[in-house]
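Should a chain be cited, it is by its letter among A, B and C, assigned in written order, with residues numbered from 1 in that chain.
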Amino acid sequence: MKKLFTIVSLIVITALALSACGGGGTQAEDLLAQIMERGTLIVSTDPNYEPQSFLNTEGVRPADTKCASDQLTATEMQGFDVSVAVEIGNRLGVETCFATPSWDLITAGSWADKWDISVGSMTIKPSRQEVLYFTTPYYYYVAIAAALADSDLDSIDDLSGQAVCMGAATTYEDWANGVLDIPAEDIYYQPPANMTTVPLETDQECAQALAAGRTDFVAYVTAEPVVDSNIANGLPVKKIGEPLYLEKLAIAIDKSASLPTATLLEKLNEIVQAMHDDGTLSTLSLEWYGLDLTKAPGE
Amino acid sequence: MAPILKITGLDKYFGRLQVLRNINLEVNSQEVICIIGRSGSGKSTLLRCINFLEEPSAGEIEVDGLCVPAKLKGGERRKMVYDIRLRTGMVFQEFNLFPHMSVLANVMEGPVTVKKMDRTKAQQLAEKNLERVGLLMKKDEFPNRISGGQKQRVAIARALTMEPKVMLFDEPTSALDPELIGEVLAVMRNLANECMTMLVVTHEMGFAKDVADRLVVLHEGEIIEQGIPSEVFKKPSHPQTQALLERYRTG
Amino acid sequence: MSTEEHLAKEKPKKSQADLLYEAQVRSRRRFSLQVILSWIALLALLIFIFSGIEFSIGSFTVRTIDLDSDFIKENLAFIAGGAGQTILICVMSIILATFLALMAALGRLSKFAPIVALSSFYVSLIRGTPLYLQVFFFFLALPQLGIILPGLWAGVIALGLNYGAYMSEIFRAGLSSVGKGQREAAFALGMTSGQMMLRIVIPQALRFAIPPTGNEFIAMLKDSALVSATGFVHELMWRATKVGRAQFNNLEALIIAAVFYWIMTLIFSSLQSRLEAYMSRGER
């Protein structure tokens, strides 16, 4: 009888293991080849942000999709990053599928080959470059602080001694803690003295908490387009002061991917450059942001 | 004729307390033995050593030619204990029916699971024994719907269906309301008339006098007296037996 | 005799006992009615708090929470779609959990020291760490062992393993609820330990464990929300938070999710009561 249980447990474990390792197939020579073979480009994005990346709740999943069951298809997603990713997939000749891990899993690297690339408005910074490869930037924006529209804060110095909110594991948190490691020429303002940081799950939480009347903090720091979007959606907030620093946003690839990624990186850089040159990126930026954010400052 | 049950030099300790001292007993086929004694005299323990529900500390148990010494170990012990249990059937004070099975399923359980008997055959056998105890009409009932006396009769049928050589009864009526005792004793009486070898631990003196071939008196783990019930009642030779019977007469 | 006198003669006098009984039934019914009315009042109060109505009495203003009803209308169906995933996850997890709980309970009773140790180690480890942590752990650790599982499977394993540890207590109680006497009767019939376990103890333990397991399932409906912490399972809570964040309607989205969790709980609780009533039918 005890034997019966041992046998049953062994069967269950084996079945699980087999179903897990099922996805292997032929071993491609590098990640780019595997993508072409598979016919899908798996892109990670965290659908928290309008207009970068958010769910298309009315989208219908196509019946003939090659995407896995826990990946979303292009029709189920929308946004600037989503459109960029789909365009890249088109130029590679494959279907674009979206995996939706939480943001800190994406920035930490060690993706365990669960997705191929990240197109998620990720800022290039040296600490991330230790675990990820970045392409050339596909667009740029600045970080800025925002507060309630009727507050009397209107410059960065006013934030001295105050509590300020931002998304956890973002460059905004780094900046607020004085540890932002991007090139000095891209940082316009240092954080004021005695500022306390209140990191929440995402900066969206910050905006909504302020709007809902919470007083745990008086301002929040995030990307300028996000604040624009907050205002456009009717949140009673305003920008405070000048832009804080420049963010260069690029596509990322996991350094610890099990297949070689050099060819993929090269190809992506090619595609990004082409999309800059033929105006695709500018068009998409205008469509989603109302501004062309794809030109490097000084261009 | 060799005795069908032979207990030789049986000792039993619970920790440091000695509960059975050098028990020697022979039971012949078709004999009905009633074992009496005060509580704590070791009567139940004696019975439970026979089918190894208690592990004897010393001595030998022999049933139908199979001799099992105390303190055997491992696989050999398992096999011999199993064989002894096939030769004996036990009826418990608390009935111990399986509540999640119907009466018929309870009675069939032994042959089907232990002897791997064909279900149809087992069912026929079970129904025959239910008939024997007068409960065939209750075969599809569940134990919680029948009375105590009926439960005990089903328990008897269940033990009988294993076709044992010796039936062991451990105070079969002690947990029953007085008006239900009679039906169980009647079944046991019939069994005796049908020539089943029975060892009965009981306080029912009436039954002992009428049905038992031999009375065995236990006191502090020892057999102090045994003999034909009517004689033991009339002229108990041991003072303790006297005291015991006094209690029964006045009680 | 006139018809009236006849009828008067025919009608039996109600005994004292009958009258008492009827009075009891009436007062019980009255009480139930009062409970139901109170429920409705509480529900109405809850709805009022979220109605957005604002009014003043003199200098005293009553403000209620104003919800964006457009958002609710547009996204209700999408968020509700996650409920299917939630139920799927829970059904699979409870099966795994039941299996593990039974194994752990049996393991604790084993004669082999390593098995006893394994069972208690498993229970202690899982009960000693948060479910949230375990979900991430399975997501991050398994790939390093070479096991790649789709998000759903990793979630089911984490949830099943977690609940299995807590439910092992239920099965331990179930196993010990089978009296010693029954085991002795089984042995007296000549059954081996294994046969006794399989035929006598486990069937009863399982029956014993069904109502508490039902309760665990209902708790699990809400814990399943943690399975999407890594972002790979698109169940009810995940859909609500993503849609809510992107459209700045966290509160509305969470309320929709809350309502659906409540509805699911109510449905399964009622099924659970029916099941318990059915199972205790046989008892006296």
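Here is the rule we use: contacts are C-beta pairs under 8 Å (C-beta built on N, C-alpha and C of every residue); 3 or more make two chains touch, one makes a residue touch a chain.
These figures come from a predicted structure and were not determined experimentally.
Student: Return the chain whose centre of C-alpha atoms lies at maximal distance from the corresponding centre of chain B.
Tutor: It is A whose centre lies farthest from that of chain B.
Student: I'd like the most central chain, judged by C-alpha centroids against the all-protein C-alpha centroid.
Tutor: Central chain: C.
Student: Distance between chain B and chain C based on Cα centroids, please, to the nearest Å.
Tutor: 47
Student: Between chain A and chain C, tell me the centre distance in angstrom, where each centre is the average of that chain's C-alpha atoms.
Tutor: Comparing mean C-alpha positions, chain C is 37 Å from chain A.
Student: When the centre of a chain is set as the mean of its C-alpha atoms, what distance in Å lies between chain A and chain B?
Tutor: Whole-Å distance between the two chain centres: 79.
Student: Would you pick out the residues of chain C that each touch at least 2 other chains?
Tutor: Residue numbers touching two or more other chains: 192, 195.
Student: Spell out the residues on chain B that touch chain C in their complex, using ranges where they run on.
Tutor: Listed in rising order, the residues of chain B that touch chain C are 51, 53, 78, 82, 85-86, 88-90, 92, 94, 96-100, 109-110, 113-115, 142, 144-145, 155, 158-159, 162.
Student: Quick check: in the complex, which residue numbers of chain A touch chain C?
Tutor: 1-2, 4-5, 9, 12, 16-17, 19-21, 23, 46-50, 54-55, 57-58, 68-70, 72, 99-102, 105, 110, 112-114, 202, 204-205, 207-208, 211-212, 230, 233-235
Student: Note which residues of chain C are touching chain A in the complex, please.
Tutor: 74-75, 77-78, 99, 103, 106, 110, 139-140, 143-144, 146-153, 157, 192-195, 197-198, 229-234, 239, 242-243, 245-248, 250-251
Student: Considering only the defined contacts, which chain C positions touch chain B in the complex?
Tutor: Going through chain C, the ones touching chain B are 179, 181-182, 184-192, 195, 199-200, 203-204, 207, 282-284.
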